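Look for chain A in each of the two complexes below; its partner is chain B in the first and chain C in the second.
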Partner chain A sequence: MKILVCIKQVPDMESKFKVDSDGTWYEKSDLVWRMNEYDEYAVEQAVQLKEQVKDADLTVLCIGGDQVKETMKKALAMGCDRGVHIADDDSNSKEPYEKAGIIAEYARDKSFDLVFTGMQSQDKGSAQVGLLIAEFLDMPGVSTIVDFSYSDGVVSVKRELEGGMKACVTARTPLTVTCQLGLNTVRYPTLPNIMKAKRKELLSIPVEDLLKVESRQETARIYFPEKKGTGLILEGGVAELADKLIGILKEKTTVLT
Partner chain B sequence: MKLLLVAEYRDGKLLACCNELMDFSDKMGAESVMCLVGSENDLPGYSGTLYLADAKIYGEYNPDGHKQFILDVVEKEQVDMVAFSHSSYGWDLAPRVAFALKAAQVSEIVEVVDEIPAVPLCNAKLRRDVLVKTKQSVVTIQAGAFGLPEDPVGTPVVEKVEGNGEGRVEFTGYEQAESGGLDLGKAQVIVSGGRGIGKPENVEMIANLAKALGGEYGASRPVVDSEWVEHNRQVGTTGQTVTPKLYVACGISGAIQHLAGMKKSEFIVAVNTDRDAPIAEAADVLVVADLKEFIPLFTEKIQAL
Partner chain C sequence: MEFTREIYWNVGHGVWTLVPMYLLVIGAFYLLIKGFMKRVAVYRQGLPLERTDQPLARIRGMVVNILLQKKVIKVQWPGLFHGLFFWGFGLLFIGTLLIVIQADFTDLIFGIKFLKGTFYKLFSIVLDVAGLVCVVMLGGLLIRRFFFPPEGLETKKDDAIMHGLLFAILITGFIIEGARMAVTELGTSPAIWSPVGLVFAKTMSGMGEQVLLGVHKGTWWVHLLLVLVFFVLIPTTKFRHIFTTSGNYFFEDFGPKGKLVKIDLEDEEIEVFGASAVKEMTWKDIFDADACTLCKRCQDRCPAYNTGKPLSPMKIVNQLGEAAFCDPEVNLIELIGRDVLWSCTTCRACQEICPASIEHISKIVELRRSMVLMEGEFPGEEVMTAMEAVEINGNPLGIGYAGRGEWAETSGIKTLAEDPEVDALYFVGCYGSFDRRNIAVAKSFVTLCQAAGVKLGILGKEEKCCGEPMRKMGNEYLYQSLAVENIERIQSYGIKTIVTSCPHCYNTLEKDYRDLGLDVEVVSYTLFLEDLITSGKLKINAENLSCTYHDSCYLGRHNDIYDTPRALIEAAGGALVEMAKNREESFCCSAGGGRIMAEEKIGERINIARVKMAVETGADVLLSNCPFCLTMFEDGVKGAEVEDQLQPRDIAEILVERIEKS
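Up next is the complex of A and B:
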């Protein structure tokens, strides 16, 4: 079985963001980078599938500058067999259709049975790339999965819907699935596996070799939204804060009476 | 400009999001038609043409079949834009439709100014204006960003669409949410913990404050995904939508999905170390403090009242 898992490197969302000098992206310096959280679940599920079927080859793919290799090493340490780095210093200006096109161009002649992606990225959150890969490769795709099982060429998943309801879906491979948070319990790479990961294949391919489609949209500008809330901000020592808050709750709500 | 609004239907019922699509269409100053894979027994209050496919034949989750149905309507009506809700239904279908139409897709629109759609970036800390370069486009709109004050009461002109609804995946049924007998929707006070509570042991601190205030405790998604708190206590789009008299958000940054589930609470208090966290926008009071110091002391003082 051949499995592909696609990941993205994103900044920690708790970071203080700044708009860059072009005004079309966030300033990339002074940020802490990590694997997109949705993709961690995708990697974990792909590794679990490999462990289940034994005879499997698992490729992790990531688009970005050299710095994304750090994140790819984590995926390799979690259990991916090989890495494909699509070298692109300008990946943030690529739109979802281009990214899916790049990935599909790489995957087209590789006969992957299963493609895993996160259901969206934490920064752009377009929720498009995984499903577009499925369209490019003309295979079925199922999004937003919170449960996955595989047996003999048939995949059974549960899609997460609003309000906690789930839809149960089955499909045959080849198939693309996009992974929602909470799909599984993501493992921590062990030290021996981190060491082993350093010796795994990590191939770099220039993005120009794989980008065959044209963009259909671009970012005009990014900015901080106007603050609408004018809530009261309380600062100070905790005892003083507690007393103040009790005073406010007594005045504005009926819950303390 | 002409829009195709894609309404939603689940478990035998029309979903309320078609109201938001109608408001979006109004704000765009566009004419529109609507389509729905659903039932003629539950129709939207939409005054216009509604293309209707039977959910009994098409299935409620059948991307290939639903995609083809939508493409046929697009072809017939020559629309400029196809609008979905940014929901588990909409974000699943939109890319497939966009791909087939060779159209740009703009996801999770929060507003449109001078025909330029704006979408959130980095958990809504930033916003991004998007330039569409294709003639047709596909969009999904953020839940709650649009919406008419009341459900419209029009009657659609129904055009039934016959088709076989063939698809490559099989939908085998729904799994309902487990409530465990708890109904957060009935609680007068809810105290919720987010990622900022730091470790599972601190859930007790949140539960204690909820108890002292005579309410229930809840959680945001990361805490539930980490299995520190059961799913029946999750507040947000994929959990419960609540409107208590008092909502206390502890260590919750305020992802859109969480805000959608609690922003209509009567009074909202946020406890957070980051005064720029998006939760501050929804809160009536933001207490800037380390919750591990503040919550136990606040709880003691409440108990002493």
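Up next is the complex of A and C:
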């Protein structure tokens, strides 16, 4: 069985973001990078599948500059067999259709049975890439899965719906799934696997070799929403808190008059 | 008349005594040595560990510890009883040896007798009293063990055998003496030099000479056999501690105190990290089990054990030994139990009190290393989240790394990147940098230094967690990657002194970082402030303060800094009321050993237990010197519902309020 898992490197969401000088993306200074959370579920599920079927080859793919290799190493340490790094220093400016096109171009002749990816990225959040890959490769695409099982070429998943409902979906491989929070608990890489990961194949391919589709959309501007009203945290003992609250209610509202 | 007595009186000194006696003695020693050889083979299953360097210092340490019973008498009553028994028994052993030397060597070969005159008087009275002391001490310990056993004291077959045999040896000794004296010494002046023997002699004197001679001879042989049985039983019963505990004084860890063994991560040949089986532990870990006498002093002091957690340091040590002897292939983690291993706070109370110099913490960390590094297991998801947070943002709280220096922006203190010309680098630590309560402490410390004219600098966002909690949780890989980055940064600024306000950072930088190349002086803020006060640079007004003081495990037991914090409290005018558990006996706050990252799910909360101890002193303020302790106590006063009675504070906070205004 051949499995592909597509991951993205994103900034840690605890970082303080600033809009960059072009006004179309965030500034890169003072950021730390990690694997997109949803892609971690994808890697974990792919590794679990490999452990289940045993005879499988698991490729992890990531688009970006050289720095994404660090994140790829974590996927390799978690259990992926090989890495494909699509070298692109300008990956942020590419729209989801282009990214899916690049991945599909790479995957087209590799006959992957299953493609795993996160349901969306934490920084861009388009939630399109996974399903577009499925379209490009002409295979079914199932999004936002929270449960996964595989047996004899048939994948059964649960999808998360609004309002707490779940949908059970089955499909035959080849197939693409996009993974949602709740699918699994991501493992902590063991030290022997971290060591082994350093020696695993990590192939770099220039993005130009794989980019065959044209952009169809453009981000015009990103911005922070204007602050409308602020919260206020009161501190002190109970009596003090009550006094402060009464003061505010008197001053700013009419409920006590 | 000459003061002496005939050795081998009534028993005879001919071939029919000496040959069987010496054959039996040789046989007993053969069994004794063979018994230990078998055990040595079991110790050898373990990995190598260097513990024979500096042999002279080791021998000196061993002799001092054995002769003075230094570690044993740390616990007053049972310790003193053991000590007195040991000294008494030692004298009896020396006495017997002197008899052997005179009768079978110096007298037999050269005709030289030294057990006579004044020396004989001394010899006689010393041995007589020593025997009595032994009987009384053994009796006391027997009553304690079998009739009023303290909680947790396990009594096994071994204990009955040992008490019975020692009693029999002592009593038969007195019977022999009594019988001999009844026949030869009653009514003569040497008798008063054997007062206990005299009592036995008077009691037995009515038996008539023939019976006495028979009793004497028979008991003599019984006494000899009992002593030989004692020798034979040493390797297979707890008697072995005579050799193994003494040996452990020789094999003592020469420090730095509590420093863990570094795993060589460069070595690509290593495939097993940490230990999950006997053969992955060191020989010393197995030997430790043989040195344990089940005195349960460790267990009595273990904060986890005392709050209803499944951990007993004593039990772990013995489970390991049992596995090594009976089931060497067993998985130690399964055998001991994960909850047991995760419960340890590495507070070192067990190791500090252990009269047998057993090293508990390194065993637990070694087993944790296996769980974390080989299995990716943690005590809970929250710990894994914290580990990942450290990997990404360099702090277990998961706060963006770039904000690490923000607390200092209004403090008039710069980062080394902005201004590397400083008197000392203040290594703030994660809690001092990010936790609001502890930022107040960091600011207090900075203000104190500024008042003393000392210029501090910080690393700001270039600082990362020192890695201590991760290391103690078993994550050596993460610890080393953090340490290497910190060391590189620190060295690049050419700093001469580092000061820390977190004892965990202090211990790590001062000891663990040395293995990775840090060569800068590291000082705890308590010593740093004490220096500023004694040199007159920092002037503090003493103002009344009702307080108690908590010795953090890592400033106290791990680094023996007990007096300095107390001196600071005194300088601040604190009227210190000690808690019952203080200094070496201090009770952990619960957050050591990486437990700061973990939820405490089993048993009573340790921090609440400690806060209750502080409340008992009646003091208004609970002073400490550690961000983890402060965090746990802030939480503990709420849990114990004593927020109105007891205020947890750091020493720096009370000092800063008392700076003398010039």
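Heads up, the rule we're going with is that the second predicted complex is superposed on the first by the 228 of 257 C-alpha atoms of A that agree within 3 Å, B and C clash if a C-alpha of one lies under 4 Å from a C-alpha of the other, contacts with A are read in each partner's own complex, and residues count from 1 in each chain.
Convention: a residue touches a chain if its C-beta (ideal position, glycine included) is under 8 Å from a C-beta of that chain, and two chains touch if they have at least 3 such contacts.
These numbers come from a predicted model, not from an experiment.
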* Report for A:238: first if it touches chain B alone, second if chain C alone, otherwise both or neither. => first
* To do: Report for A:14: first if it touches chain B alone, second if chain C alone, otherwise both or neither.
  => both
* Asked: Of chain B and chain C, which one touches more of chain A's residues?
  -> B
* **Which superposed partner A:149 touches (first chain B, second chain C, both, neither)** => neither
* **Touching partner for A:225 - first (chain B), second (chain C), both, neither** => first
* Asked: Counting only touches as set out at the top, which of chain B and chain C does A:189 meet: first, second, both, neither?
  -> second
* After superposition on the shared chain, which partner residues are touched by A:52: those of chain B (first), chain C (second), both, or neither? -> neither
* To do: Return first, second, both or neither, reflecting whether A:32 touches chain B, chain C, both chains, or no partner chain.
  => second
* Which parts of chain A are in contact with chain B and also with chain C? -> 14, 16, 185
* In the complex formed with chain B, which residues of chain A make contact? -> 11, 13-14, 16-17, 19, 26, 95-97, 119-120, 122-128, 131-132, 135-136, 140-144, 158-172, 181-182, 185, 215-225, 227-229, 231-235, 238-239, 241-243, 245-246, 248-249, 252-256
* Structure fact -> Note: in the complex, chain B contacts chain A through residues 10-11, 60-61, 63-64, 86-89, 91-92, 94-96, 98-100, 102-108, 116, 119-134, 140, 167-178, 188-189, 213-215, 221-222, 224-225, 227, 231-232, 234, 237-241, 245-246, 253, 266-270, 274-276, 280-290, 293-294, 297-298, 301-302, 305
* Inside the complex, what are the residues of chain A that reach chain C? -> 12, 14-16, 30-32, 34, 185, 187-192, 194-195
* Interfacial residue positions of chain C with respect to chain A in the complex -> 268, 271, 273, 372-378, 381, 384, 387-388, 392-393, 398-403, 461, 476-477
